[in-house]
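Look at the two complexes coming up: chain A is in both, with chain B in one and chain C in the other.
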Partner chain A sequence: MRAKKVLRPYLFILPAFIFLGLFTYWPVFKSVYYSFFRWNLFTPRRVFVGLDLYREVFQDPLTWKVLKNTFQLGLETIVPSIIIGMALALLLNRALRGISLFRLAVYYPSVLPTVALGAIWVFLFIPGYGLVPYYLEKLGFGQVRFLEDPRLALHAIAFVTVWKQAGYFMIFFLAGLQNIPPYLYEAALIEGAGAFQRFRYITFPLLKPISLFVVVMALIGSVQWVDQVFIMTQDAGPFNSTNILLFYIYQTAFQYWDLGKASVLTVIQVSILISGTLLAFRVFERGIYYERA
Partner chain B sequence: MNAHRKRGAIADLGRIMLILAVISIWVVPLWWTVITAIRPVSETLSLTPQWITRRPTWENFARAFELAPWGRYYLNTFQVVIGTFLIQMVTIIPAAYAFARLRFPGRDLLFYVLLVQLMLPAAALIFPNYTTIKTLGLVDTKIALMLPYAASAFGTFLLRQAFRTVPQELEDAALIDGCNWLGLVRHVYLPLIKPVFIAFALNSIIYHWNEFLWPLVVINSPGKRTLTLGLAMAFKSQETGFDWPLMTATLLIVIAPLLMLFVVFQRWFIRIYAQSGIKG
Partner chain C sequence: MRRYLAVFVFILGVSVGLVAEPVKLTFYYPVSVAGPLAKVIEAMVAEFNAAHPDIQVTPVFAGGYNDTLLKVQAAILGGTPPDVAILLSTDLFTLKAIDAIVPLDDFIADDADGQEYIDDFFPALMANSLLEGKIWSIPFQRSTPILYYNKDLFREVGLDPDKPPTTWDELVEYGLMLTQRAPDGSVTRWGLEVPFSGGFIWNFEAFIYQTGCPGCNEVKIVSDDGTEVYFTSQHVLTALRFFRDLSVYYKIMPNGYINWGTVPSDFLAGRAAMIYHSTGSLTHIRNNASFEFGVAFMPGLSCYGTPTGGGNFYIFKGIPEDHRKAAWTFVRWMTSPEKVAEWSIKSGYIAVRRSAYDTELMSAFTAEHPEYLVARDQLAYAHKEFACYNRAKVTKILFDQLARAILGEASPEEALEEAQRQANAELEPFRK
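Presenting the complex of A and B:
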């Protein structure tokens, strides 16, 4: 009876920890372990090779291109999504008639499948015929080939990603704005603060906690944006210009069946995720003003 | 006073104009999809963009329904999404309750161990998870689509926070009345945290409804495809000589019901977004 009582809490958390172990922790260890083995179509039985695969992966220029793309896509999606999300929140934080409809119009893409949205943008980007190139040409930009030009393809994918998630982040900033006590603004007005000063010294600092949350979310999300890459470009082309780490893992494991290398790449991916999250916490937590009771 | 009000009205008007200009970036792609889907094929040959159509038609939808067994894909998606959610409930509710209400050695440490999952999304682990699924002999099954999401740090965290707001006296009273634990959860805890519960449910459903990469890796049989997978395959097989009226109609078959669900439940979406939000 006593033992049962002691064990009870552990039985409650057991189901969660079984799956957590099987599909989160064990896979991480397994990837590290497999990353020391050559294991591919030509070497179907695993052969221990120590750090050889790491050396090969880091000597391959494609790896560096993929890493550069991954960071570039991260930068080009995280920063604009947050700035635009915040701007949308400031714009739509008004008691106007129909305002909820306007908000709806901006964040509907965050509930739709990325593959569907990516397909819509392929349509809008068709060279010459699609809506965007058509009007750009009218405006004198010439023939713009968003997804076929290796210099533009990744930017186009970043744009679609920002377009998809900015409204999602807006909702968090709206919640954050509504938590700022109005008396702060009243006091600032009495002191003669202008609109920019009110934003700089009240709104922005008080949105910092929610910003940390949004940054971490955007960061963890950013490595997962492969649906767009899959649907909007062919084999992450032209010239791997849109190949990002997760897509490269997918290719390596499920198209080339190079399982040792896929493990090395998974280890790199996990390291980026963990260090990125910890870094975001360090950078942002410093400037956060917690309200003291 | 009157002049002041007038100025306010003009400022409001200016703001509304600005808002309309900004949201057109989000509305136009959807409008363009709809207008292309309901346009007769003969009209699509025009080289200048036509923003409206004179003769709306269903013919593209009729063709889109023949393109793939969408009803089947809906059913598959439905099963996966509901199945995932039910498994999540089995792992989340007891764990959230334990972390919220029970005291036991190692509780805080175990809670942190759970939260680390927030940093390690299942997508990043597709390869090792695939090997596990293969070892379990579950490749090309719907259950394989659910298992990596069975434990959810996000859901457990959300429900734990909510459970903590339930007064302990209510639990004590229910236990005195002879309620067992399941009854306690059903009649006391869940009803009191309904908003959080519904919000998590919607979040989970939307996330798994939209998921693509994991089904792409796990599912081989065309008959087991989910909607996103079916859509991507239909899209990719069209690559040359794109029939956009057909494709946009197909897109709408996939997204229209989701959009309607979203409009109906928008209140709940905003609530979960406001409460906390890493997807899971």
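Presenting the complex of A and C:
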């Protein structure tokens, strides 16, 4: 009887666990295992080499460039998308005729498949007559070549990503804003607080839990997408200027057929994701505490 | 009587059984140019199946070339290789390295007209199939870059629309005339655009081959066994200097990255007066050009020159003998002159066999559209496409170094020496 009671919850999570195990934990385990083997075109039958591949990967300047790109892109997308997302939420959190239409318009880019919007932006960025370079040229900026210039390509991708995910974050902030009890604002108004003071002392602190949640989501998300790079800058841009970790894994495994090295890179990627997730857990715990207070 | 009947029924049963059990083949193919080509392939396979009751081919559309190679690789690792597939002609070394394919010489020898069949293919298209004295693939969907030029713009600047440039000097001269600048100096129309992006050196290869000539000054940038490259040769250096000068010195071409996909759009929009692009784009350009355009050989330095590109049929290892035989029957049927002609007309690829141009279908088509013959005639100056072991990585290395030189971050000599050094490191393990 007691055994049954103990077993029951495990029975409930079993289906989920089977799928997670088969399609997440087992492949991760396999990647770790393969990362100790040389396994490429020249050695199609894998050979155990211990930590050799790790040494090679960390000695390769390209690895560091890719990691730098990955973090730079993370920074360039997370900070602006959160600020813009919050600003949009503040703007759209009011009773206005047709407000849902505005919300829909802002949210819309995040519903589009990344592949489709990547293709749209390639078109908008075409040097000479693409919408963006065309008007920049009219405004006297000269000929800007966003996806062809190694100094600009990564920023262009960051821009498109911000455009896509700011609306998505806006939804979270909007939910957060609507959870703030209106009586706090009423009290503040009675006390004679101005708009900035209301934001600084009520809105901002009370949005903190949701902001932390969004930051963590954005952090984890930023190492997981790759579609923009794939579509907008084939082969990771001029001089690998848009090569980020996930793309580099794809390239190493499926263009260069170096499966051992790709496994090492996968281990790095998984480590980053696990750190992000651990961070997320700590933040969630704090978030819950905050709400109780 | 009853016994005879029983025997009769038995024989009938066996023969029905034989008929009902055709050899089942899996055929992976990619589609990498615009247009509903998957439908064309499926229709051709259906026709083959109808004509061969003993063979049943299942076509599997597998995405682009690299996706198809990926699926083939995965299938081999999983122990269920496809029987036959269309992959890049330059994938030969990769497929050889993972021991995935069989040479086709025995099939060719077994066919009464085998040698005749092979000799009918244009030699330049066959060149990428040869390794270690054997034939490993059969050309099917092949292309070369060619020169497209806007005849209206030629007239506008006072050039003869029927005389496209034939030499590098003329290319520069015409390019300078055709390039148009706004009063503030910004370019409103480029004289020339040559795709240069995505680690793709195909168009640049043309410039290399144009610096030599077959028979007298042979250009060789890779050894026949695919283990050595010659990036520091005079041919590559001359090509790189000229390619750089087009944008840096003469300023008739945009500098740096030029996207493969936007070049035809630029041409159609009148933003580029001349472009180098695949023969495969001819139908697209013909259907969308609002001006009169011409097609010609790419101009040369000492000679015309072009690489070939595209996909070939491969037959795989680890499949039963009857499957291999059936696969060969399928390949022979798909590359019969009539089918080659049909495929060429519907896709825009070059018809890979000489005899295909003699078919009624093809002669009627080319009589109406003589521009489709330019690519065929340019084959006389065609070289095999650059291919070696670790090809993806080696071409990426060369591409990045070419880009360094073009963007002025290194001299052409330095860049090519660096490319050679890095490529050597990649190829070293494959040298026996």
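Heads up, the rule we're going with is that the second predicted complex is superposed on the first by the 266 of 293 C-alpha atoms of A that agree within 3 Å, B and C clash if a C-alpha of one lies under 4 Å from a C-alpha of the other, contacts with A are read in each partner's own complex, and residues count from 1 in each chain.
The definition used in the following text is that contacts are C-beta pairs under 8 Å (C-beta built on N, C-alpha and C of every residue); 3 or more make two chains touch, one makes a residue touch a chain.
As the structure is a prediction and not an experimental result, all values here were calculated from the model.
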Considering only the touch criterion stated at the top, classify A:Phe58 as touching first (chain B), second (chain C), both, or neither. neither
Touch check for A:Phe239: first (chain B), second (chain C), both, or neither? second
Chain B versus chain C as contact partner of A:Tyr201, first or second or both or neither: neither
Could you look at A:Pro44 and tell me whether it touches chain B, chain C, both or neither (first, second, both, neither)? second
Classify the contacts of A:Phe141 with the two partner chains as first (chain B alone), second (chain C alone), both, or neither. neither
Which holds for A:Pro127: it touches chain B only (first), chain C only (second), both, or neither? second
Once chain A of both complexes is superposed, is A:Phe254 in touch with chain B (first), chain C (second), both, or neither? both
Once the structures are superposed on A, label A:Phe172 by its partner contacts, choosing first (chain B), second (chain C), both or neither. first
Per-residue touch tally on chain A - higher for chain B or for chain C: B
Chain A positions touched by chain B in one structure and by chain C in the second: 126, 129, 234, 254
Sites on chain C touched by chain A in the complex: 66, 70, 73, 94, 97-99, 186-187, 197-200, 254, 256-262, 265-266, 269, 271, 389-390, 392-393, 396, 400, 403-404, 407, 429-430
Given the complex, residues on chain B that touch chain A span 12, 15-16, 18-19, 22-23, 25-30, 32-33, 36, 47-49, 90-92, 94-95, 97-99, 102-104, 107, 110, 113-114, 116-132, 147-148, 150-151, 153, 156, 206, 209-210, 212-213, 216-217, 227-228, 231-232, 235-236, 239, 242, 244, 247-248, 251, 254-255, 258-259, 262-263, 266, 269-270, 273-274, 276-279
Interfacial residue positions of chain A with respect to chain C in the complex: 41-42, 44, 122, 126-129, 137, 142-143, 145, 147-150, 234-235, 238-240, 254-257
Residue positions on chain A within touch of chain B in the complex are 6, 8-13, 15-20, 22-24, 26-28, 30-31, 34, 88, 91-92, 94, 96, 100, 102-109, 111-117, 119-121, 123-124, 126, 129, 131, 134-135, 163, 167-168, 171-172, 174-175, 213, 216-217, 220-221, 223-224, 226-227, 230-231, 234, 246, 249-250, 253-254, 259, 262-263, 265-266, 269-270, 273-274, 277
